[in-house]
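Each in structure tokens, the structures are laid out below.
In the two assemblies presented below, chain A is common to both, partnered first by chain B and then by chain C.
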Partner chain A sequence: MRLTALLAMAARMKLPPDYRHGIYRPWTAAAKANNPPGLRRKKVFVEPISKEDWKVFRGDTVEILTGKDARKQGVVNQVIRARNWVFVQGLNTHYHYIRRTANYPGTYIANEAPLLLRQIALVDPTDRKPTEVEWRYTEEGERVRVSLRTGRIIPLPVYQRRDGIIPEQWKDGPKDTSVDDVLDRTYQPSLKLFEEEILELQGIVETRRARKSYWY
Partner chain B sequence: MGLLTNLARGLVRGADRMAEFTSKRGPRSHNKGRGARKLGYLTLGGKFIKIKEMVPEFVVPNLTGFKLKPYVSYKTPKGTEPPLTAKQLFMDVVAPQIEKDIKGGTFDPHNLEKYGYESTQEGKLFQLFPKNYVR
Partner chain C sequence: MAAALCRRFFSAVRVSGVLQAPPGACLSGLTLNLLHKNSTKVEPLYQCKFLHTTLSRKGLEEFFDDPKNWGETVVKSGDEWHAKHLRNKSNEDLHKLWYVLLKEKNMLLTLEQEAKRQSLPMPSPERLEKVEKSMGRINLVIKEREVALRLLQTGHENPRPGEWRNDFLGRTYWYNSKEWPIPWYLNKKYNRRKFFYLPHVKHFIRLRIEQHLKKQARMKSLEKKKQFLLQKKFPHLAAQSQN
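Coming up: the complex of A and B.
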């Protein structure tokens, strides 16, 4: 098939409409083992929240309202929007025992369980208490989250890449194109086809012409 | 619908009947290709004549002093260029020439060939319509 179609297929995973999103991301091996193609499970109902209304991001400080770790604050580690899930680092954990083998003594590992958005509240930086938050616009026109109790703007957490690279501190390697070379516009628009230009540059002279063919 | 879907249903056992029967399967006598195009034609005597023009050849230019490298630095700002349309190409290349000629008074509507107009595609190596090049 066309190369473009193949690449497009590889880039985006096609999930069935009743796919149940779990703790593992759909492209991981664990998720593929749990959800083989043709699997139909009972539907899980998720409160629909639009992309613009979403308020909690990775790196935010939130307080847990209900559950085992109620009234504790933590940093959001992961967000799964398909199920309205939020994972808070170190909180709402259950323990999973890894059995001992010949080389390994065996230990308990803490795994965080997901929390729904209803069990979470963003923390106001002034008094460090949970608040209701709304999206509003500043005088300059910037869209910000505002705490309804005190009116203070809760800034968005700094976006950190999962691979730990900070673009401002990146040092170009030998195979990296520098910023100036990338942004340099060297295209000269011309009416010649790419093939004709290459023929000229390489000095190839082609006097033969293709035989005329017809199709209906 | 392969083996896994039927296993998930728990109904059918056995091999995957819907899998493609490629050249890797079957006995030694099963000899088929994987979709490469022919590079010539077969004569009546059974001899295959290879046509040099049908054999793909990579035309690699001289890359000394070429600044672009395989990867792009993380520091580059995100953004896109607007796609090049025929109208944009016309405005960039042909329109300034026509404007200059109109102002100079030498514009001739019957002699559009000098701006790149092609009244017919006959005789050209790379014809635009009907397109006879691959890209």
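Coming up: the complex of A and C.
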């Protein structure tokens, strides 16, 4: 059992310290093709924003301030914090043409280009205009985003799970454990080791005695 | 060699046991032979290898998903097990859950391999990630319990005893003890290892310390340079840090 823990350690991706994060996430095949090991690219300076100061999340409505699609509002699709990038759905796109072949007529596909945080502003729900936002604490102690112009709290977007499950609408399948079974507490703290307890429960009596060994 | 042994045993052994020889079961050790009723029957050569099938032939269907899900491109699966829920479960429950997850993992790995073989995308590969993460968390919880017990009983976190030792190059490192069957004064291999350094090494220790200090100074100046460049690129940061 402990060997699996060792093997799992090797599975985590280790990135070099000067890795340049691109549009593709580091574990995808495209990123691995673009960034082979040993590649050194010119350093890209990224404005350091701490985790607590980050204000834009997936599902937020933002307005683009500069660029081709200036003064347009859209929903944030993806956020890449390593480069301070935000992808807005359907906006700031460039078109990529797929050549026609025998079976395919050929088409243009729109790809969103990333936008820096400086080119984005969160939208105030009251007047639907871009505002500066700050993190503040409510009287209850909850940390919220407050618009500086109107003082209105901008609620966090509803967190959507990556696997698309909405917990309230989920129906258990045949292999799923019910909520009551999961929350049922069966743990009795004892001074026995896991292995000793399992031996007892299985009715295995270990009569072998370990040979005398020396630790040095 | 094994085949010849098998044939000789079949001719030599008399019928003794009551157990019926299951069809297609092959031999593993010589002990299993004595229990077979039809031991006079000569097995063909290719079956008398070091192969052992289980006595019951049921259970292979557990390597495959529910037949209703065969051919689907998306199979829905629930949430994975989280550590805070696993900590509330008894050791027996964790033990059983481990094997349930293991069987599910085997099923998913079979599915993955079959999908690769047929050059098709695996239906819902996130199930495998969820199972692996849950198994890792079970490991974590059991380790936590073991560490807690060890801290209570001995005061140490590490299962292996160890100490700081010097090697023959003058470096100080954490030496983890090994388990040996013989005491240290009889161990030739251990006695050949040197856990001390001779006086001529002191000069090199000083050089090593100098290397370390230079490296630290280099990292510090690199940090300063980085900060300076960042301030140049993003001038508002200077104003912010002043505030």
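In this text, the second predicted complex is superposed on the first by the 177 of 216 C-alpha atoms of A that agree within 3 Å, B and C clash if a C-alpha of one lies under 4 Å from a C-alpha of the other, contacts with A are read in each partner's own complex, and residues count from 1 in each chain.
Quick note on the criterion: contacts are C-beta pairs under 8 Å (C-beta built on N, C-alpha and C of every residue); 3 or more make two chains touch, one makes a residue touch a chain.
On a predicted model such as this, the values are computed, not experimentally measured, just so you know.
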item	value
Chain B versus chain C as contact partner of A:Glu206, first or second or both or neither	first
Touching partner for A:Arg71 - first (chain B), second (chain C), both, neither	neither
First, second, both or neither for A:Lys175, with chain B first and chain C second	both
Which of chain B and chain C A:Ile198 touches, first, second, both or neither	both
First, second, both or neither for A:Ile165, with chain B first and chain C second	both
Chain B versus chain C as contact partner of A:Lys14, first or second or both or neither	neither
Chain B versus chain C as contact partner of A:Arg99, first or second or both or neither	neither
First (chain B), second (chain C), both or neither touched by A:Leu183	both
First (chain B), second (chain C), both or neither touched by A:Pro37	first
Interface residues of chain A shared between complexes with chain B and chain C	165, 167, 170, 172-177, 182-184, 191, 193-194, 198, 201
List of chain B residues in touch with chain A within their complex	1-2, 4-5, 7-9, 59, 61, 67-76, 84, 89, 92-94, 116, 123, 125-126, 128, 132-133, 135
Residue ranges of chain A in contact with chain C within the complex	1-2, 4-5, 8, 45, 47-48, 162-163, 165, 167, 170, 172-177, 182-188, 191, 193-194, 197-198, 201, 211, 213-216
Chain A-touching residues of chain C, taken from the complex the two chains share	66, 76-79, 81, 85, 87-95, 98, 104, 126, 132, 135-136, 139, 142-143, 145-146, 149, 152-153, 161, 177-184, 190, 229-230, 233-234, 237
Sites on chain A touched by chain B in the complex	36-39, 165, 167-168, 170, 172-179, 181-184, 189-191, 193-196, 198-199, 201-202, 206, 209-210
